[in-house]
Structure formats: structure tokens, C-alpha cells
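When the chains are written out, they are named A, B and C in that same order, and each has its own residue count from 1.
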Amino acid sequence: MTARELLAGGLRIEAHKQRSTKAPIRAASLVERYVIPLDQHSGLPAVPLVKPADRVRMWQPIAQPAPGISAWLHAPVSGEVIAIEPRPAPHRMGAPTLSIVIANDGRDERFDNAAAIVSFEQISPNEACEHIARGGIVGLGGAAFPTANKLESSLCENGPQLLLNGAECEPYISCDEVLMRERAEDIVFGARALLHALCSPNCTIAIEDDVPEAQAALRQAVDKAADPRVRIKVVPAIYPAGGERQLIATVFDAEVPHDGLPADIGVVCQNVGTAAAIARWIRDGQPLVSRIVTVTGDGVREAGNWETRIGTPFSSLIADCGGYTERMSRLIMGGSMMGTSLSHDDLPVVKATNCIIAASALDLQPRGLEMPCIRCGNCSQVCPAFLLPQQLHWYLQPFDGGQLARHGLLDCIECGCCDYVCPSQIPLVERFREAKPLLTRELDAHLSAHAARARFLARNERLARLEAEHRAKLAEKRRPKNEPTS
Amino acid sequence: MITALVTIVVLAALAGVASVATAGAPREISLADRIDALLPQTQCRRCTFEGCRPYAEAIARGAADINQCPPGGERTAKALAGLMGVEPKPVGKEFGVVPDHPAVAFIEEDACIGCTKCIQACPVDAIVGASRHMHTVIAADCTGCELCIPPCPVDCIVMRPAPAVAR
Amino acid sequence: MTFPTAPAPHVVAHDSVGRVMRIVIYALLPTVALHVVFFGAGLLVQIVLGAATALISEALALRLRRKPLEPFLKDGSAIVTAMLLALCLPPLAPWWLVVSGTAFAVLLAKHLYGGLGANPFNPAMVGYAVLLVSFPVQLLQWLPPAGMDIEHVKLSIGETIQAILTGSLPSRLTWDAVTSPTPLDALRTNLKMGMTMAEAQAAPIFGTLGGRGWEWINVATLAGGLALLQLRIIRWHIPVAMLSAIVVCASLMYMIDPGTYAGPIFHLTSGASVLGAFFIATDPISAATSDRGRLIYGAGIGVLTYVIRTWGGYPDGVAFAVLLMNLSVPLIDRYTIPRIYGHAR
């Protein structure tokens, strides 16, 4: 398919999901060591509650959230903490980050989590948020933002509308699709818990129009729950329809302010995987210690979705898939449009690991030689933020901060659509990604210069005023002496 | 006849469109304003003027060169040269050294005697404190002008690298 | 095991500048074919000369600018420029016209501004404008189209090449016998001489809708243009805006005085209206950027084309209209930045 056949209203892009959705979800093999990075969620790294040589049981809390935005971490297996040290992490592109390393004793002795199992209707919404936090629940769509923090910041007077994101628009990723097929009831359960926690009037589950089986399963689960607040909304399978802001625009026909959050327009968006994780936590007492990971691509022998404990090395999952093929050439965490490419597979699965692509040249279609921009405008036709990428590219060389700001460089969501359709094969997103911090710095400098000027002028004015007052007072003092007394 | 009429009508319409289109455009701003906008607003007086605004006015009336601003460095000199339509040149050595990294003042609080001299010297009101109480620099508001250093009787003010802007 | 890394996105569509330009070239072929049917093989010779000049100029400029030759020679943009310019020239125009025009277009209008993607003006139209103001006589010497009741001289390929390269015709013919003004030109001249519109259009070079032959060439161009739209090489904004502007202007003036002003159909089917709307004005490099900007840009070209045709002294207005609007692109772009997601209007 050529670029132009895909252009109409977004980017219709080959999904590459059939291979990984053939088989049902399988459990990934257990390994000897689990590596749990402390900073695998957005916000601040968690603070360890254990030290080396401690024994931990499965599901036991091993790190607590730092003040602010942070999340709990739990042991995925029972065993011994053998180290708390920097280990390479996939969300840091392979750079080392402080991690708890647990040696698996293979016994899966459970931590007593009975208290975790609560009946949601009996606790207050605030308690519900706190309870969700203790489950270590973070957004499973890829950003890993702590769910409790998001819920707290979304609380509003009449309760925000809840949007469950099942629009898995990025190619290759199918963990949400299989989740909806096989565990739709968990999702609906989690949705109802979230409705309670948010005092939300209704919940919309968004699902793409190209996954009929998942739709059917979800519909069945919703019917079974017979909760009039929960409804399903089918959205067109256009990349990046599943981006939070794009999905909100599709479902509610409203835009999130560029400098605001969905909560500002009374919406809170959660991934369907997050809802299912909440269900497991409050129904079964299982904190977020495992997730479904899609392993696919022409670089592995067998593709599939694996229920994987957090901390499992990528290499073990690859082995579960029968190992690499000879064509294997690039390892990607995430989808083919926004995923991170990694240099090796000795990295642990983290809460944000939704997909591992072992890509071959067949998947990748090597980029052609970069040519100058011919301003064809394909990029601006597909940009979901309505930007003019060709103009942004023009103003990058040389760097023109004013124009870049005017043209909304900071509103770029780095979805890669412009890159995909560019006939000149310009790596636009990479350039934009590099330029954003430069622009932010320039804007900050501009703002602080502006503030400094204002303070300088105000000070000068104040000094002048004081001086004038002082003179007036002196004059006042002198006057009675000169004036004749009566 | 018709040609003339049509031409006049079309021109009038175009003028109308143009006036509507430019109605929201900003008013004419003075040259000094435009120069001032390019200056870093450190108010450090290294240019020999009493602050950025006076320097801008001096350039505008031709009383100063474009290369007198060390905090702005090459970038500012270049931008000013562009605005004034002159050849860019490096910052004059007599005005001071171009800093590699932005710096802010820091008061060693153990040593501060609370004399308020630095507060009076600060051109941008970035030092807070009261007489005979410890003073401190608001790092986010400090422009790194160093004007507070000479007045300090106990030499307790040092320059430190500016903290990265928190986002 | 280690793997090389690369920034996202990891997949891109198979597309290239070369493919875009090739499709434009293919879409021009129906026009070229009908042109040859009506006016003889001269155009083919002009295209060959122009393309050769364009490639040589391109190579020279690239060498001077120390750029790689191969990717830029293969991108096809120089050929498109050469074809568009050749289509605007009389089929039997002397060889040095097309050579100097194309060389000027590629060397000065394109590479002096930074080469592919950086030229603010449409190179083909710059080349044409330079030729038009420098050699107006040669550019007005069109041939009469092939047709039943009109004197049309058939030249063999050899004779055509000879005429273009040496300027000499076979002994049985004179230049006066083989040339004729274009319909737009004839109309203006006739009207200036005090004829009414009906009298002016009674001349044999006029056909049912517009100029004889030209009307069919324009239909072929329209077909090629629609193909470009269908393949999404171009988008509808510029052609629709430009043609509508011409129709509106022409209808308005026609309604005011049908005796002096030609109707909209005549304007659409004569000269380079359709070629301009689909192939020249749509050159994205020198056009406005946003959809709204392109509507304004296209409409501006349409209005200026009509004005120059009707009151100007040149055979057609498209070239100057395009160049004038190229000039106003920065202004248009400035005021037509689209609203960004999440920003208030």
C-alpha cells in the first residue's frame, strides 16, 4: 500500500495483529530472577520497603510511593531480595535504573492480602482511590501513570465521565484485544469500580471497528452486568484514534485544552487493561504484578500474548516464543509507530510493557534516502493535532523559536503519522523530539526575561516614587520656617 | 467606463479586505521596544548603561553599539545586528566575559549579617529579607547580574550555576 | 545478542519524491498526446530538448553546490519543469527558446534559491515569463490546429526537427503560412479591432467551446488532473478555487457585457486554465501551505489570470498570475495557520 491510499482522515495502517491473536493468552515461563525497576511508573521512583537478604512473599508490597505522583510495587514471586542496585531498564532505553532483584524460590507463597478484597460499594470514593493506589495500579496503555493520582486529580463536582480506552490503534499491539476477548468481565467489573471511585455518572468503553470478536465478548459482558451506566462505543480503526486526546475528540466531540487535562472538560480516560487490573486487585486481592504482553514480529518464531509477571526478562519471553528467527533485526518495546527500539533483550518487563516486537526487515521497510521537503502537505493531512509539520520542519533550519511556538511544536504528540507518509523520507518526529526541549528552554528564557523586565521597571518606578515623596516631605518641612507666623 | 468602474470597485474591495485582515494586527512598536525585546533583561549594566532598557534606547538613537551585552553573548549580538542591519560582531572584551553557563547569586546564610545592602542593589527585586535578618536570593527570579556582590560588606554572596528549570 | 537501534516510527510508507514526480509526468501524457494530434510533433521535440537541458542544468548546479547527483537527477522534478515549460511554448519555437528558458528555470529559479523544495517561485513559470518578456514575437507564433475547415500544414518529423533546430522550413512553406495566433490572442486582437464578440469568435481557430483543438487538449488535461486528485498527488483546494475564480470573474463580466467579454466556458477551455489549475498552481513547493491558504492562493491565481487575459497585453495570464501569487505565499501562510488541537479558535 502506498502512502496516499491511507491518507483520508488520519492514517489507516496495516494492523499486523492476526499473528499474535491466533492463540489464547498463555502464562509466560517463570524465571529465577525478577528485576523490578523502582521508577517504572510516571512520576517519582518508589521507595523500597525491603532490603537485600529479606524474604518476600508473592504479592507482598516491596516499595511504597514517594510523596507526590508515585506508585506501590509488589513482589511478583516469593523468594529472597538479592540486591537493590541499578539494572538496565527498557523504559530508560536500556540505561540502568535502581531496581529490586528477587530470586524466585519457585513456591509462590502468597502474602496474606485478604484485607485487600473489599466490596466497593461499601467504601467511600476517597477510600476507593486510596485502595486502588495500594494495588500498585498504573495506566497500562503505555504511559504507566499512577491510576490513583489520575483519579484524584480528576475528581470534580458531578463526577467526570469515564472513558475506557480499548482502541488499540497502534500496529502489532494486541494485548488489549485479547484481554477484551477473554476477560471482558474483568473490564466491566473494573469499570464499575472506577465509576464508584470517581462518582462518575457513566462509562464509555471505546473499541475499534476492526475487532469483531472482542466487541462481541465485551457486549456480552456489559449485557450480563446489566449496568445502565456502562455503554460501548465503536470507533473507526484509524491510527492514532486510541491516543487519549484523539479518542476524547472522537467519542465526546470535545477537545482537551492544549495546556490542560481531560478532567478540565469533565472526562477521565483509563485503559481497559487498567480496569481489568483493578478488578483483580479488589476482587481477588492480586496487586499489579503481572500483565499481558504481546510478543510478535517476523523476528520471533511464534507470536502470542503472554500473561507475564513484572520483572521477567524479555529474553525469557522470546524463548517462550521459540526464539528469534534468522531475520531478526530490531527489538522494539511498544508499537511500530511510537515504540522504543532497544539494543538488547536482557531487560525486565515493566508495567508499561504492552508489546515486544522482534522486527525483521519485512516488518521495518527500511527508510529511503532523505530528500528535501517538497511541501506536498501529506503530513498536515494526517496530523491528528492539526499541525503543519512541513512548516515546523522549515522553521527548524535554522531554529526559529517564535515560529515554532506559533506553529505548535509543543502540541506535537509524536505519533509518527507525518513521518509515515512523508515522500521525502524525512525523520520528522525525531527532529521534533529533539527540538522540543530547545524550544521549551527558549520560551522559559523568554518568560523569565519578560518577568525580569517587569520587575526592573516596577522597581525603577517605585524608587522614583519614593524619591519624589522624600522630596515632597523635605519641602514640607522647610516651608513653615520660611512662612511668617501669625 | 465599465472597466474603470469595475477596477475601482475591485480595488476598494481589496482595500476593505486588507483593512479587515490587519485590524487585529499589533500596533507599530518603537525601535527601542524591539531592541529591548532581544536583550536578556539581566539588568547587569555591563553595557555601561543603567539597565537593558536604557541600553536599548541608546542603540536606537545610535549612541551604543550592538556588541555590548555579555550575558546575551553571540546570540544577542547576532539578533541585534540583524535588527539594526549591521554586520554581526563578537561581544566587546571591555564589557566583560560571555558566561558559558547562566549563573545565579547565592547568599551564604551563616555569614549574612542582614545589612540589606544587596536588597537595595538588586535591580529585579530578587532578594528578600529584612534588616538584621538573614537575606536570601530567589533563584528563579535572579538574573545573574552580580550587582549584589560588591555592596556586601561580608562577602557572603557567591555565584552558582543556575538550577535547571523545573517542568 | 545486541541489535541496532533507531528512533520511532519504525515503519514508513513506501513513497518517494521520484514517485510523486513520475505520476505527474504520466498524468501529463494525455495532454501531450492530444497536443501532438492537433499541433504536430513539435511538442515532442521541445520536451526532449527541454528535458535534456533540465537534466544537464540540474547536474551542473548540483556539482557546483557539491550535492550528490544521483538522487536529485532521479527525482524527476527537473523533467516536470521541462515538460510544463515545453507545453507553454509554440510547437515550432526555435530550439534556443526552450533551452534557455529551461536552463534559466532550473539554474536560477530553482538552484539559486536552494534547489528542490526551496524555490519560492514555480521554476517553469519563471522560465516562461522570462521568455515571454524577452522574446514575445517567437512565443506568439502558434500553429493552426488540425481540423476540417482550417488550413493546417502537416510537417513530417524530420521537417519539424529541422524547423526547430535551424529555423528553416521546407521550400514549399513560409513561416506566415504555418503560424497563427492562439485563440486567446486572436480574440483580444479581434476585439481591439472593433469586432463584436460574435464576429471575433467566427474565425476558424475557434471551436465549439473555446479554441479549436485547445478545447480537447484541455479535456485531456482535466482527465490527467482528476487522476492526480484521485491518486492524492494533489488536493482539490487549488484547482477548484482557481477555476471557480475564473468562472466567477468571466460570468460576471459576461453578464455585464456579453459583446465585449468572452464567457466562462471559453475561458475554461482556452489557454492554460486547466493545465494551470491542476499542474502548475498545484506545485506544492511554491504554493500556500494550509488548506485555507490554498483556497485563497488558488482563487488569487484565478482572478489574476482573468484580469491579465482580459486587460493585459500577454497571450495568457496563468504564468504571471502564478508568479504573483507565489510572491504572496508568505503573507497567506502567516494568516492561515490552522487551529491546533486543544487551542481556542
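Couple of notes before you dig in:
The definition used in the following text is that contacts are C-beta pairs under 8 Å (C-beta built on N, C-alpha and C of every residue); 3 or more make two chains touch, one makes a residue touch a chain.
As the structure is a computational prediction, the values presented were derived from the model and not from experiment.
Geometrically, the chain at the heart of the complex, using CA-atom means, is A.
The pair with more inter-chain C-beta contacts, choosing from A-C and A-B, is A-C.
For the pair chain A and chain C, the distance between C-alpha centroids works out to 50 Å.
Between chain A and chain B the centroid-to-centroid distance comes to 39 Å (mean Cα coordinates, whole Å).
Contact of a single residue of chain A with at least two other chains is seen at no position. Of all residues in chain B, only 36, 39-43, 51-53, 123-126, 140-141, 143, 165, 167 touch chain A in the complex they form.
Every residue of chain A that touches chain C in the complex is listed here, in rising order: 1-7, 93, 171, 245, 249, 255-260, 324, 328-332, 334, 336-345, 357, 359, 363-365, 367-369, 371-378, 380-381, 384-388, 390-391, 406-408, 411, 414, 416, 419-425, 427, 429-430, 433. The touching residues of chain C, when paired with chain A in their complex, are 1-17, 19-20, 71-72, 75, 77, 115-118, 231-233, 235, 284-285, 287, 289-290, 333, 337-343. Put simply, chain C touches chain B in their complex at residues 253, 256-257, 311, 335. Those residues of chain A that touch chain B in the complex are listed here as 440-441, 444-445, 448-453, 455-460.
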